[in-house]
Each structure stands twice: as structure tokens, then as C-alpha cells.
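First chain A sits with chain B, and in the next complex the same chain sits with chain C.
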Partner chain A sequence: MHIDLKKEIKESGPGRAGLIILLLMIAVALLAPVIAPYNPYQQSTASLLPPSWNHWLGTNQVGQDIWSRLVFGARTSLLVGFGVGILSTLLGTIFGVSAALLGGLYEKVVMRIVDAFIVIPMIIVVILISAYIRPSILTLILLLSLLSWQGGARIVRAQALSLKERGHVAAARSFGAHHFYIAWRHIVPDLGPVLLVDFIYSVRRAVFMEAGLAFLGITDPTVVSWGMMMRDALSFSYLNVWQWWLVPTGVALSLTIIGLTFVGHAAEPVIEPRLRGAEVA
Partner chain B sequence: MFSKRNLVAYAIAFLFILVLNFALPRMMPGDPLMAIYGDEALIAMTPELKAQLVERFALDKPLWQQFGAYFLALFQGKLGYSYYYNAPVLSVILGRLPWTLLLVGTSLVLSTMLGIILGIESGWRRGSRTDRAMLAGLMSLNGFPDFFLGMLLLIAFGVTLGIFPLAGALTPYSGLSGLALVMDILRHLFLPVAALTLAHLANGYLLTRNTMITVLKEPYMLTAKAKGLSQRVLKYRHAGRNSMLPVVTQTGIWMGRVVTGALFVELVFAYPGVGYLTYEALLARDYPIIQGVFLMVAISVLVANFLIDLSYPKLDPRVSYAY
Partner chain C sequence: MLEIKDLRVSYGQDVILNGIDLELGSGETLAIVGESGTGKTTLGLSIMRLTEGTVRGVIRFNGKDLLALSDNEMQQIRWSQIAIVFQNANNVLNPVYTVLNQIMEPMVEHGLKSRDEARDRTAELLRYFGFPRDRFSAYPHQLSGGEQQRVLLAMAMANNPELLILDEPLSSLDAASRTEIGNLLRETDKHGAKLVVTHDLDTVSKLADRMAVLYGGKIIEAGLTRDVFSRPRHPYTRALIRAYPNMTTVKDLQGIKGRMTRPVSGCPFHPRCTQVIDICRTKTPHLVWSEGRHIACHRGGIITLLSTKNLTTSFGSLKAIESVNLHIEAGETLALVGQTGSGKTTLAKTIMGLHQPTEGDVYLENTKVDNRGKDFYKRVQMVFQNPGESLSHRLSVLEAVMEPLDIQGIGTDEERKERAIQVLGEVELPQTRNFLNKYPHQLSGGEMQRLAIARALVLDPALLIADEPTAFLDASIQAKILKLLLNLQEQRGLSMLYITHDIAAARKVSDRIAIMLDGRVIEEGPSNEIITAPKQGYTKNLLTAASALHSTESSGIEQQTLNSQ
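Up next is the complex of A and B:
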């Protein structure tokens, strides 16, 4: 793996743009209490106010400040996104690496389960489950992670299979190194870039899904989220409130996803080296 | 040859869908009948009906017998009864299905075809200004959730300009027929299809462009060029056709995405398909409908993928040697 991921992302124009957007969103999410002028759950003044100096984006149907809700919505999106990203990449690594190293029946079972889950449309499963249990943020993260590690496991396994045949791994094995030791010392460190790409795409998918589920109204109604704000705004689409209510929210959500897409795309040659030089050739 | 490996994967997927559908309502706290039938059933519930339902679902029997009863009923085409619509689930869904098929079918065909053409053109010019602009543009478009695109189109062309209708699949009580009816349906279809197509355009585009770039490096491209073939033949017949192969394998997965995308877009446009039905069912907690939709969508996506897997070796004979 002689591809420098940092260089790969920095050298691509969209990659850099994506990184900047992402860092900005993360900063907004982290500094939300500082940036937001109001408590996003507090019913401040009259409802459905147009933008003013006091309320930059006006207020919603129950008089909450839309700008403050927009800022706090970044927290929900990114929390779910990064939570699912970390957890599902972790699961993908565990199952992918162990399948590659242990082989045999275990590998067959794991890979058939992976194949099966890749064809099932995940969002339908999540909708069905959410219809019964209104998932809290934590449950949602767990649920999405359990349903989305499979793609990563497939890539990780392919990569681990080729790493396994390398000289230094064979050497370690001949010294009597244990599977776990080999995985931890020799395989996982070399998986770095592949894991990062998988991570970025998992985050992206999770941000998308959280927004979609909130838009359908089947997430925790007490937590402010972009999908939920768009759902609220849609029911007032006949008024001109969409200009400062719907559009900024949708743009924030889209920008986050675009940022992730750009970074992911710039890092993709790590998985598919044949694509290298595509931008400059 | 179709591989045993894939067959096992499909069997697992199928079983998972059935078990999930069976287990979820029964794992809920309280009366399982309530969870199976939803709030609406409470009103209709009489002791006789209750006894009849317990009997039908074998709810007084051990779990494996309950699963047996459930499985048997499914194979007889019994998806359950919706007390909200006061009709069998299957007929409620079938009544909505044509609209979704129309919406999803049109969008899938349009987005895939447009995606392939744009991908071929963009890959052919790889690295150029046009290519980079197209790549950035389509990737950005890909970042817009389909329901947001739908709302933007709705507000721009429906609310502000008033060119297209705001909701529904046809004008109610218009008494239109023949060509006028078709035009009316198309007018209602336009915005939802546009939203879905735009949101999923990048799927075909990105994949075709990627394959195009690798195909262009193949020696046979050089040979074809040396033969003095025209640009158009080189681009479409030699490079383009080979770049389309991976697209075929992915259409099944995309179908899954477009179907779920339709769910959201239908909500935005109040388009009376299966997606809007699901939304109404979620609001009314009409569990039999939600379960029925889940089962039908999941299984049709599985079947589509299965058929594509079957047909793939015919399109690319190299695959059959791989096993």
C-alpha cells in the first residue's frame, strides 16, 4: 500500500473543498451552544416570524428560532454519522480480517451473510423496525451500524487476503505468531487507507438515512434534526417561509453529504488504484 | 452457470426478511394481536374476532408453530388484513402499486441511460475541463437528498411558476379520458420523475466514467484507433459498450435505492403510490400495511437482483469461467 492518502485528498480540488466543508460543519456542531443565540427547544417569541436581526432565519410554527435549530441540527446529523461510521467500520474490520485469516467454514458463513445483507435495501428494514420502536439516537446508531458494516467487511477481507500472503506476515507466522497478533500487528495497520474510505462512506450513508427517517417522522421527536425541520417546513410550503426555513436546512444537509462525497471520491483510488491519474491524465 | 454461493446468500436474505417481519410484532410488549394489527383493530375487536385471530396466527401455540402458520399464510398470498382501510393488505398495496411502478420504472430507465451517456462522454474527455466540471456537478447533485430535490422542484415549478400540479397522480373527478387522461397523468408524473432521476443520475454516471477510464487504457482501444475507426465508433461501440457491463450488475442495487427514494418523493408530491401508502400507514400505526409493504419491496428487490445475476454471464461470457 504505497499510496499516501493525505496527499491523495490534498491534491484533488474537490477533495480539498470537501475537507473544508466537513471541518466547517464539525466546528459548527462542536461550538453549537456558542454560535446559537437561543435554546433550540425554547419557544422564544411569536411563531412563523420572517427573518430579522433577532431571528436570522425567523421562527418556526411554535416560535423556536430556526437558526439555532439549524446549528444544533448539525450535532444530530454528525453524531449519528460519525457514530455509525466508527461502529460499522469497526465491525467490518473485525469480520473482514477474521474471515480472511481464519478461512474455512467461518469465512464462508460470514461472507454469505455479507452477500445477503448487501442485496437487502437497508432503509426499508430501518423503517420497519422504527415503526415499532421509535429509536433514540443511540438505538438508531446501533441499528444503522448493524445493517451497514457488510460492504466494508467485503473490501477489508479482499485487502487482508492479499496482505496475508506478504513476506513479513509469512515470517511472523513461521515464528509462531498467533492469528490475533498477526491481525493486530501486521494486517490492521496496513489497512488504514481502506478503512478510512469505508468510514467516510459509512458516515455519508448514515447522515442520509438519519435525515430521511427524521423526514418520515420516525425518529426521536425530542431531538432537533435537519430531516425533521424539513418535514415541518414542507407542511408550510404554501407560505413563503420556505425561503428561510426549508432551503437553508436542505442546503446544510446537502453540503454535509457533498463534503463527504468529495473527500470519499478523492480517497477512492486507494481501493481502486487503476483510477489513479484519472483527474490529470 | 449460476453459482451456489449466490443462491445461499439469497436464501439467507429471504429468511432474514421473513423472520424480521414475523418476530418484530411478537417481540413487542403487551398483546401481540395489538402489535400485529395496530390501533385501528382495537375498535373492531370483539371476543369472537379475537378468538378467530388467535386461532389464525396460532398465537396460543409454541413459537415454531406460529412461524409455520405465518409462513403458510404467506404462501397462500395472505398478507393480512388492514383494519384502517377495512380491506386485505394485498389488495390495498396492489391498488397503489401501478403508480409506484410507473414512477420508479421511468426514473430508473431515465437515470441509468442518461448516466451512462454522461459517463461515456465524461470518461472519454477524462482530465479535461468539461470532465472535471461534470464530475463535480454530478457529485454535488448526488449529495442532495431526493426529498429535498423534490421540494425544490415543487416550490419552483409547482408553487411559484404554477406550471405543474402540486400533488396527486391525476386530476380528481376530471372525467378525462383517452389522450387527455394520458397527458394529465404525464403532467403529474413529471416533477416526481425529475426529482428521482436527478437524485440518482450520479449512480450510472460515476460507475460508467470509472470503467470508461480503465477501458480506455486497454490495448484493443489502441488497435481500434490504429485501424482508423471514427471517434464515434471508438467511443460508443468499443469503449462505451464495455463500460456498460458493470452498470448491469448494479442496476439491481440501484433499483432498491430508487424504490426507497420513491418512498420519500411520493411523500413530497402526495403521489398515491406505495411510498405514500407507507407514510400514511406509519402515521396511522397500521402495522399490517407496513409489514406488507416491507415484504413486497424487499422481496421484489431480491428477485430483481437474482434475475440480473442470472443474466449476467450471458452478457459477459468471461464471468462463467471465473467459478
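Up next is the complex of A and C:
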């Protein structure tokens, strides 16, 4: 029962690589004002400049420094990613655990809602809604969270159903404990690994969704975003700007998603020990 | 014939007897039972008016109040109509008289018989009590303890007294003589009444039809000997029987917590009683007649702590338990024995509210249990089958034991900690800081089980349901855990529902055994009866299959049949 998450991630090669990439991205996002040489919104007349010492990755069609925009883009991407990750995991936990513990009609209703949401193609719904309301970052986080907690809730409920049959949960009930105490002290702590994996995949999905929506141009246009940068770059595809505009943005987005995938993949054996290779004693 | 009303005897400040009422008719034998110091000898002496204490009340013998008689009149009655056999034979026999003279003397002195008649009568009595003829002229110091006792009995019977008071008549005898003299005493003089004063339950069962249990100078329970032995109603009587080594009960011996203290306000037994309520401390209970028994207890005797009525729990179409009717009295152990899958654990979990019953009810102290709140769980606790499973691997030893207190919200954090550490001591676990910070996976199986027991006891429950508490332990640790449970029962008056598949272990710890098969209780009764005279074939099979240690190759059953042939 004692599975060391840290050990699990550290011991896998991709897991370690993913973790390094992720930490690097987070560092860039946090230190963006220090790293970026220019204000990403600052315009100059010198548009579409090729890379130079002043502008490492040149400038875009309105003369904004592409490197600075790339650095600030990490903020948006990770903010949406982690925001959705936290919120949807939280919702998933609340609904999953409560459904498992309370049971009865409540459980049926919650799980049918979950089923319904899982059937609906999320991307299309998000695109449609975004196209209408042009969400700000906060709205986007809320929107994505509301549409993505269901998968987690399903896993959490399944796990909690098995956890609540554990002896120590029965023991706690036999001391007169109520549902909330049992959930908080006995179920959620044991859900830790599952929640982490759910969280990482939620983050990944949100990063991807945010970039996609921005690429379609249906998010807040005043926010620097990798997706939007790629869209802008593409409209100048007849020039050779793609080399320093499109490629670095694409690489940054890919790296982030790869990093998350690696970490998630390395953490997965935690919830499903059968995925582990034969252990060398 | 003898009627005692509100007899009170005190030596100075010390009240020895505190309001004794009893009646004794001709031909009856009544035993007064109690520990040493309860005042039973004083009772015997008071009737003979031989106490030095202050005696109040009424002792009516054939209509005459003995306490109102003059010393001379009393002297007439003593020996001729009421005789006493003293406890300590050595001090009573006059060292300068031979056996024969010793007995003849009172007859002649009372002028009832001539010397010759007296001699014949004496010889007859001595022979009757199995005293060897060639020792008639021996002096007391030349006699063995058993012989002295025979002489005293002969002496007491010399004048055919109407009332014979016997103070520990069989105590100084070996088992064979006990039976012999016991039978003689039963046969002797069926018209006279006998009052037997003893601490020895075997003496009671050999001599008396009726018994009264004396405690702290009061009679607390009285009834037919047979009934009282088979189903004691007062906690003290039960404790006395449990403490007595005998061939009938199969449970291990248990003492009675504490010592007898005097004087005590309220019920004399309350400092040692395990079902005390407030009134017991302030008011002395009266001896009242209830269900074929006199009993002095505010709670009407041993209470029924938990009972189930037609309890049925189904999983889908499968009836895991069906129409189970059981009751558990305060301070007793009921062993629930059955094979795996017979529904034992389901029954326990249904009582605990971890399964919902399909039918039937659970009653706690005769009140139906509807919603199990914190109050219920404070009274009823369970030790689960697998201690490793039932302890959260995230909680340290201290946190685990404190958890029930945390959930119940009892006391401050400091008080909880103190209580938890104290309970760890009770189950004989270390109380060091190092141990308190250990996690379950760092403990041995025995330690985990003790921890689980400590956790269940921390709320001070009245009933402990122990589900196979020793299934994962080796025999030596199992023995220690079972002893621990028995001690806890002695100290706290804990009732236990002990669930096991092992009837050999069950008989050592239980007062009653219930046998379960396919979700039903097929047989239930006192442990000794189930063990020695099982009614159901299945129970017999269980007993045959139970562990037995034989050095020969033949099985236990064959061995027994060989021996009996």
C-alpha cells in the first residue's frame, strides 16, 4: 500500500525529463517580467523584423517582440492549465467522493450527469460557447473546469467505493464518525495518487484547449497566448517568419504538453501497479 | 421455625450485620454464602447469642424471641434445641477430655440422659459420622482435621437439636470426606432445620436447597440453590461463582475487582459493581421478590445490555443472517461460534449499523436502537477481524487511539492524549514517545491487535464485539490477548460478544455459547452445557473437530470411548 509517488516519478527516465521540462516552464512563467526584454504589448513601427540581438526572435506584424510574447505566453498557458487542473480535480473529488459515500438517489443523479457530459464532445461545446462569449482567462478556466471534472469524478468514485469498504473506514464509522470526517480523514488521503494523475491530465488537456481556442481566435484577443501567436504567424506563412515565429511557439507548446504527459505517464503505475514492469529485487 | 427480622449487629462503630431478614422452616437447609468478612459467622453466633457485639432486631425461634430471653433461658435452648458446629475445630474441643467424654458431657449436663444412655448415643453418633471405634478414647490433639470435624458434628447432633448451625462444616475436609459427610448431613435428621454458613460454593451445593448471598452485612440475593447457581442474578453472586474453581463451569477463573470496604453508603456492593448508576451510591436497595428470587439491587440484578429480535440481514436474495434472537447481559461473554460464512461477522456488523437489517431490531438496555448516533457507539464498540486492515496506515499509534475521542469530541486535546496513553497501558502496550509515534506497519500482529483493542476501549464502552480477535495470532499471543480480555471484563464489567470459529478458545472465555450455522443460531446456552451436552449434531461435530492434544495416534473421540469401556 505504501507507494512513493516521488520515487515512482524520479525512477522513470521520461518522468524525470518531464519533470525538468515542467519545472523549467513554470520558472519561465513565474520569472517572465525578468526574462522578457520587452513589454509583450509594446508596439513599434519595426514590424516583422527577423531575429537580431535586439529582438531574439524578431518582431510580429505590429512590431511586438516575439521572444517576450513567447515568455509571457507561458504564463497564460500554465495559468489556465493549473487553474483548470485544480478546479476540475476539486469538483471531481467532491462529486466522486460524495457519490460513493452517500449512495442512493444522489449517487445515481450525479453519475448520470457525469455520463451525459462524457458523451458530449467537449471540444465542440467549448468552441461554440467560446465563440459566443469570448471568455476572459477566468471565464475560460471556469468553463473548462465545468466541462472536464466528470472523467475524474468517475475514477474517484470507483476508487472511493473500494476505499470505503476498508477496515479502517468501517472502524471510524463504528466510532460514530460522519461522512465528512470519513471523506476527509480516511478517503481523500488515500486518493492522493489518483488525484495527482487526474490533476496532471486535466492540466494537459486545459493547456491544449486554451491553445486551440486561441488559435481559432475565439478567446480574449488582448491576452498573449501561444495559440494566438501561431495563428498570427500562419497568416504570414508566405514569408519565412515561420522559422522564428511559428516554430519556437509550437516547440514551447509541445514541450509543455510533452512534459505533462511524461510526468503523468510516470505517475500512472501509482494507480495501476500492474502497469509496472517486473521489479528487479 | 426460625425467623429473623431486621437483625443488626455492631461492634462499637463497626456495623457487621445491617438488617438481615430470613426465615427457615423445619426440615429446610439454608446456606448463607459470602466472602470472609461479610459477617456470616456473626450471623450464626447471633442466633446462639454468643456475640459480644450489640445485637438489635428480632430472632424468633419457635415463637420465642431469643434476644428477649434471660441468659438462663437461653442456656436451656442452646445445645439442646439449637446447636452450632464451629468453624475452627481446634479451639472448640476441650483438650483434656477424650472424644467420648467430650460428646457425652453436654447430654449429661443438660440432664437429658443417664451416663449409659449418653454413652450409647455418643457411640452411635460417632459411628454414624464415620469415626473409627478404636479412637473413641483419643484426645483432640491426637485427631486429624477430618476426625475433629466428625467429632464436632457428632457433638452438635447429640441432643437432636431442632436447629443446627454449621459454620464451614466441610472446609477442613478432603474431597472424598466432603462428599461422605455432606451426604450424611443431608440424610441426618430431616425434621430439623439447618443453617449452613460458608464461603465455599461446593458446600452449598452439597448441603443446601436454598441459599442466601451475604455481602457487606446484607443479603443481596436469595433463592433456590439450583436456580442461583445456574443463573445468578446479582453481579456479586455471578462474580463469586466465576471465582470458584469447579468442574462445572468451563470459563477461566475471574476475580472480583477491588476489595470489600466498610462502611459504604448506598448499596454495599457498589464500589465493586460494574453496572453502577447514581442511585446505587446513595440509597441502599431492599431485598425484593422478583421472578422466583429475592434480590437487592436497584437495577433488578444483572441487566440485559443488548438484545436482537428476529434480526435478518439479506444481501440480495441471500439471507446472511436470519431471525437471530440473542441477548447479552452486562458483564458476561457470549461466544458466537460457527464456521466461515455462517454469518457471524454480518451479525456483528448489523448490530454495529455497518449493515442495514432487512428485518428485526436491536435493543440496547431494552430500548430499541433506531438511529445509531454517537451515544450508541460510545456504549458499543467493535474490534475488527483483521487489525492491520482496521487501522489506517496513515495514523500513528497515538493518533489511532485518539481517533474515537476526536470523532466523539470528548475532552480537550490534552485530555484525549492522556486518556489514550492510559488505555495503551491497560492493554499492556508501551507508553513511550517512540512507540506512540510508530505506524501500524511497524508493529507486530499482537501489538496491532492490542492497539485495535485499546482503540475500541478508549470510549469506555459497555459492550465490546470482538470479531475473531486472535485469528491472525499464534497460540502464545492469543492466550495473552484472551487473558487481557478476561481481565478487562473483571475490571470494567465489560460485556463481550466474542466471535470465533474456535470452540476450544470460546469455552475458555465465555459464559454462554451460541452456535451459528447458515445464518441461524441453532443452539444457545451456558458454555458448560454446550460443551458437555450439545443437543445439535452440528455442535457435536464442532466439538469433535475442535483442537485436542493427545500423545497417542488415535483421535480424541476414540480415546474417550476406549476409556469409558
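By definition in this document, the second predicted complex is superposed on the first by the 274 of 281 C-alpha atoms of A that agree within 3 Å, B and C clash if a C-alpha of one lies under 4 Å from a C-alpha of the other, contacts with A are read in each partner's own complex, and residues count from 1 in each chain.
Here is the rule we go by: contacts are C-beta pairs under 8 Å (C-beta built on N, C-alpha and C of every residue); 3 or more make two chains touch, one makes a residue touch a chain.
Just so it is clear, the model here is predicted, and its values are computed rather than measured.
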item	value
Side-by-side fit of chain B and chain C on chain A, or clash	fit
Touching partner for A:W242 - first (chain B), second (chain C), both, neither	first
Partner chain in contact with A:A172 - chain B first, chain C second, else both or neither	second
First (chain B), second (chain C), both or neither touched by A:S136	neither
Which superposed partner A:S162 touches (first chain B, second chain C, both, neither)	neither
From chain A, separation angle of chain B and chain C (C-alpha centres, steps of 10 degrees)	110
First, second, both or neither for A:N54, with chain B first and chain C second	neither
Partner chain in contact with A:H186 - chain B first, chain C second, else both or neither	second
In the superposition, chain B vs chain C on chain A residues touched	B
Chain B versus chain C as contact partner of A:Q42, first or second or both or neither	neither
Shortest span in Å between Cα atoms of chain B and of chain C, once chain A is used as the common reference	14
Common ground on chain A, meaning residues reached by chain C in one complex and by chain B in the other	none
Chain B-touching residues of chain A, taken from the complex the two chains share	13-14, 112-113, 115-121, 123-125, 127-129, 131-132, 208, 211-212, 215-218, 230, 234, 237-238, 242, 246-247, 250, 253-262, 265, 272, 274-275, 278-281
Chain C residues within the chain A interface of the complex	349, 352-354, 372-374, 376-378, 381-382, 384-386, 388-395, 403-404, 407-408, 441, 452, 455, 459
In the complex with chain A, residue positions of chain B that touch it	5-6, 8-10, 12-13, 16-17, 20-21, 24-25, 28, 35, 126-127, 132, 135-136, 139-140, 142-145, 147-148, 151-152, 154-155, 159, 210, 213-214, 217, 252-253, 256-257, 259-260, 263-264, 267-268, 278-279, 282-283, 285, 287, 290-291, 294, 297-298, 301-302, 305
Of chain A, residues touching chain C in the complex	1-2, 166-168, 170-177, 181, 185-186, 189-190
